[in-house]
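Shared between the two complexes below is subunit A, which pairs with subunit B and subunit C, respectively.
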Partner chain A sequence: MMRAVAVGPPLLGGGVLILGWVALAAALQGGHLVAGPAEVAGWITTNPGLIGRALGATLANAALGFLAGNLVAVALAAVAMIWPRLLNLVSGLALVVFCLPLIATGPILRVLMGPGDGPQIVLAALAVYYTTLIPLLTGLRATPAVWLDLVHSYGRGRWSELIHVRARAALPYLFAGLQIAAPAAFLGAMVGEFTGAERGMGVLTIRFMRALDVPALWAIAALAAAVSMAVYAAIGALARAVLHDRPPVILAPPRVMGGSRPERVMQPILLVAVVLVLWWGAMALPGMNPFFAKSPLDVMAALTTAPQAAATRDTLWTALAETAVFLLPGYLAGLILGAGLAVALVIVPNLSALVMPIAVALRSVPIVTTAPLIVLFLGRGALGTISLVAVMVFFPTLVACLHGLRQAPGQILDVFHTYAAGRLRQMAHVRLPAMLPALFAAARMSVPAAILAVTVVEWLTTGRGLGSLMALSASVSDYNMLWAAVVVVTTISAVCYAGVAAVERRILSIYAPEQVRR
Partner chain B sequence: MSSPTLTRRGLLAAATGLAVLPFARRPALAATPVSLQLSWLHSVQFAGSYLAQKNGWWQDAGLDVSLLQGGPNAPVEPPVVSGTALVGISAADYTAAAVAQGANFKIIGVAMQKNPFAIASLADNPVATPADLEGRKIGMALANTPVLQALCTLNDVDFDAIQIVPTQYSAQPLVSGEVDCLLCWETDLPVAMAINGIDARTMLMADHGYAVHSQTYIATEESLRDHRAELVALMSGEARGWDAYRGDTDAAAELTVQMFPDAGLDLPTQKLQAERQVPLMFSDLTDQHGFGWFSDDSVQANIETLALLGREVTPQLWDRSILEEVHG
Partner chain C sequence: MADTDGRARIVCTGLSKAFPGGLRAVAPLDVTFDAGATTALVGPSGCGKSTLLRLIAGLEEPSEGEVRIDNLTPARQRSRGAISVAFQDPSLLPWLTVRANVALARKLARQPPDPVLVEDLIGLVGLSGSEDTRPAALSGGMRQRAAIARALATRPQILLLDEPFGAVDELTRRQLARDLPPLWQPRGTTTLLVTHSIHEAVTLADRILVLSPRPARIVADIAVPLPRPRGPEMTDSAEFRALVTRTSEALAQGDADNAPMAAQ
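This part shows the complex of A and B:
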């Protein structure tokens, strides 16, 4: 299964990427849009101190956030495995926290944590923990039932199950999560600097965008992409060094679906109750002035009993409609692109040296740098916005599906090899079914990611929809509106997530019943 | 790390402190720590504050001032409301909005007498008067639509004849010809274009009736009641700093670049920005009464423009008592 990694293809991929960059810069010369590699290299060599210190600051915050976020994800996953009753509550709470838009959380973190690196680290951690948690929960269940039976027959409990069986089964999924997290942590730390940080790549990005300093802007983008690619490759190398076992055949007895009716009704109610209590508690922390820290009651009042409640609701609906138009096409396009590309890369492995650097670059280059380019090629209309959302969604999907495709059981592939079955046939009968859990994990975690992506695009480029409404509300101190918008964003994410999960249960109960067992 | 450790540097500092203590002018008074929340990233936009800090004018008045940087996701109002910052730098329209939402802010000084909003265009396709806007494409944040509407109302321009293109805050859409003009600040994107050798024109909205105090100093009513001495000390440092700035804008720009080596500031850009800020900040009014001053007339003009922006305010939003003590 393991292919020897040749040095040739990655170099070739990097070369093609740079050649494309040169061609793009030459074609758009004088438009103040793209600076070529030569200009960028020149800028970096004349400003090594400035860019070095900024990179150091952002990298340190991103690394701490990466570490903290992933540790939290691992801890949450372990809790959910040891006490399965908590699974829905843990993943529900994790979803809600991940959905909190940074336009709302950034200023609050700054007030709570004061000047310094705190908000940047927290925002980097928030950007990564969820995309690690979801694949991890999938991986922890990707175990053959007989192995678990073996543990039980020795009279051991869930803890032994977790340590000896589940943790190992989850490793490939953990590596997928870490690879997805690498660019996300860096970008999270950069955006965290928008909350008033003194130094870093995010601070410089804003400065250079306004100064029309295109070489400097592209130098930052190139460094951000290079760092992300290096970390991505390093985690990939680590995964190859650690994962030697061929994926097992996972046979699990099909099971009749999910709990009793009262339990299924109670769980969402419990989740909502816990979220409300936590929200209330957070707003009562010292330093949280009611001017900007709105409690559930404040938001309820703003939407129902306040004099302008009807106008507030109208504004929210309008913004929601504007956002929804881009959301679904962008989400689906990202999923299809990611899964399709993963399949293509397995059928034509040499393609990956070319595609992966571009994929990582697309994900890690800050949107403020690429947005003008996308606007140039695709316009300011729906196509541009949808493409930006698709770009944000497709990367996690691609990585998760690539790892999923590798989970095709070795013995079954051996059977196909014996019959000299071609790659396409292997793909259709073995790899695609093996990929399904990873695809659905990607589909679930992409729901909030797509919503966050669309609000960021709206905030930074198009000026419409919920993202723009939240930014505007914060700037005119309409914190009731801001928090109401946060509730809307979170509710939509949760509902769409539940929808994807329902489809998933249907399909996986046939193809991967171990995933739907409790 | 938490236990106190003896280091050579620490001992030296302690020794110096002990040696200096008997001769210090105010031996018993430790400097009071206060914070000033800036509205944006460090730049010459706040150079008066840097001068006050560098020259020790706040230290002399018994204040230890921290300058908190702003940013695109760092609204000024929350830190001021919560007391993290004693004073924040805002603008009359944002302050009015915050007060409508229940904050008890007062405007205690006005750094930019003239609002810096401008319409920037290229020399070969200039927008010189508000009437020129009709039939043009303007790039701006949709959030600023009320600003453009107010300008149209003030000058009898048909708002519906202007095509708004929502753009990010950059000169690039104008330079590339995607739009005919931009709604931006007089002191940022036009300066960037000038430094890049692009011949741009600006039409200052303040010259066409748009009267909104900008870069205003805001404080809460509680601070005005309980921390008057600190407010007066802070504002007199600001006044001294900005007077020094006016005396030599190049030196102010150099100090700014030197104080913030990590901010990515370019000296020629900062010098040009410093120069272009002067006519916005200093006027006959400030020559007569001192930096930051506002008259009842200018407050009235603000109230009228703010009404066009949908903000109903009273003269009580402004409080001149701190400035009166500073310049009295």
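This part shows the complex of A and C:
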């Protein structure tokens, strides 16, 4: 079964990665691309104060954000369980907030909260709460109906369900979510630091990228990766100590649109209405500076009736097109490579012992922190950006697809074994169909992640597309443009997510009907 | 309300259940289950026996008609902790030990803890020594026995057993059929038992209702006037075998009535 969560493989993976790193550094010696482990260790020992303070600041912010984001996720999940009617609205709102581009949220929070650690903490929390909320909701709802019948047969209601059954049944899912959340919090804190903090790993990243200080960049990426892997492994170890079953690989099925047809039409409309009201309400709070705090009406006006509305729209369209050119190939490549490698690993099982540990180790790395390295290798052009998006999508897809392939029903496989059907035939008839739900779950969850990756790289390096536009608008205080870009990115992100979910529901209704029932 | 000795009478009036999509599981049914009696429900697979049990427990809402337990709704009786169900699936919580699973029922029914009773019940179902084991380490039959102990832990007035011995091996099954009834019968617990085993029905019940294929209708109402306890010598008796034969014939008859084409 899934060995991915044991302690051994990640450690082994870390070891293999270091060996590969040594080999890479030796091969590319003198090319000013790779600083080997020795060089990085040397750099760290000569700058212990600098890197130590930065790491301390980022870790503190990430930890606070991790705590806050997860508390919010737990509270939202509890609300959705006690008042099931709110479930759709809560998860819809959570998705919209998760789709907010951190690149824009950062500067906006900076203006709102002023200097200090506030924005980093909030961004870390924003990066975390959704990756916890979704597994948690899945776990809370995945409870077998008979367990709930047991509670009902003694005349108890939702509270007892939650306390005696659901909360405990969801624990493995919560831990799986927390594991993924740890690197996400680190990533959120670093993105927050990109947008104008005084201290932290993100600040150092920007500084050394400008100076093209290769050993320093490698040192930062290596430290970020090591810390994330350690926390990921620690949460996994904690989970194994607390639970006697291992944390599941999360394949949250898409939200089932409940109710009648009018209800299904009403739900998205209600969601949009609530989002607009909340936005408008927040901007109307006392103390909000109208120069900066734009309401839905302001954005609407900037895009339609304002004198420069046409120019604004043009700029947005151009940026959107530039982003799409990088985003789509990267996203698709990540999905195809992830699913393809998963298939290869099942057909050639020996390969899996080598690849899986590396994949698990890399999955726990906040990918965006490696952006400067990928850019060092592949340049500031299309290839670097596309690769980063692909890497961001690749690892979750690989892990999910492997899980799906291994979930192929044993009894059906036994039928194939009776006829001595080979691996390829098993793959085509049993395993691939069994993998589809996992592939689509990964595709859906990867949409916001891919958009985050592409906007961060655009802003850090390429200077094109929506990411760059948002950063530029923030730096020249063009808040109409900034808010408009936020609306565009969030809408696209949420609509693509919903679009993948719609395709997913159709596929699942054929290949995994039990997942879309209820 | 229930009598002082905890007996409760179940009255179903015009009770029927149709599922969305038109599948009718239970035909309009008028039946009374006397207080303190054990009634076995036998019928072909998928005939709606389990649905009937769930209707009586109030876990399903009837499409028409009603269930009254001492003039109260099942929901009222459930919230008083008067009902216990042993489900077809043992539905033990995997993170709790056997002891904690059994004790959980009392917690859910808002009854004070009773470690002695819990310990006794675990012993009676033959799980002594497994108190601190988690369900995953138990065999299917052991899980079902733990679920039965749990169902008895609240000293229910109404005990609903949905094929409680399905995964139990034949020997243990007969032993349980002999040892378990003394746990509830002297207390006057009104018991409904869904089973596929005619032997089990005759051993355990005071009355056997034979149900037709879906939608469930009563095709025979057979009294079982055998004395208790019903040990091995009883099951070899002529009366016992006569009851088994009568029940099998009623089952076959119900099947034939419902499938006139097949009978041709």
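Things worth noting here:
Rule of thumb we're sticking to: the second predicted complex is superposed on the first by the 364 of 518 C-alpha atoms of A that agree within 3 Å, B and C clash if a C-alpha of one lies under 4 Å from a C-alpha of the other, contacts with A are read in each partner's own complex, and residues count from 1 in each chain.
What we mean here is this: a contact is a pair of C-beta atoms (placed from the backbone, for glycine too) under 8 Å apart; a residue touches a chain by one contact, two chains touch by 3 or more.
Fair warning: this is a prediction, and the values are worked out from it, not measured in the lab.
In the superposition on chain A, contact of A:Arg464 is made with subunit B only, not with subunit C.
Of the two partner chains, subunit B is the only one that A:Phe194 touches; subunit C does not reach it. In the superposed model, A:Val151 lies in contact with subunit C only, and not with subunit B. By the touch criterion stated above, A:Thr305 is placed in contact with neither subunit B nor subunit C. Of the two partners subunit B and subunit C, more residues of subunit A are touched by B.
In the overlay built on the shared chain, the residue A:Val111 is in contact with subunit B alone; subunit C does not reach it. Interface of subunit A with subunit C (complex): residues 144, 146-147, 149-156, 160, 164-165, 168-169, 171, 243-245.
Contacts from subunit B toward subunit A in the complex involve residues 41-42, 66, 68-75, 77-79, 81-82, 84, 94, 97-98, 101-103, 141-143, 165-173, 175-176, 178, 188-189, 192-193, 195-196, 261-266, 269. Contact residues on subunit A toward subunit B in their complex (touch as defined above): 31-33, 49-50, 53-54, 57, 102-103, 106-108, 110-111, 114-115, 191, 193-199, 203-204, 206-213, 216, 287-289, 291-292, 368, 371-372, 375-376, 380, 460-464, 468, 471-472, 474-480.
Taken together, the subunit C residues at the contact with subunit A in this complex read 54, 57-59, 75, 77-81, 83-85, 87, 89, 91, 93-95, 104-105, 107-109, 134, 136, 154.
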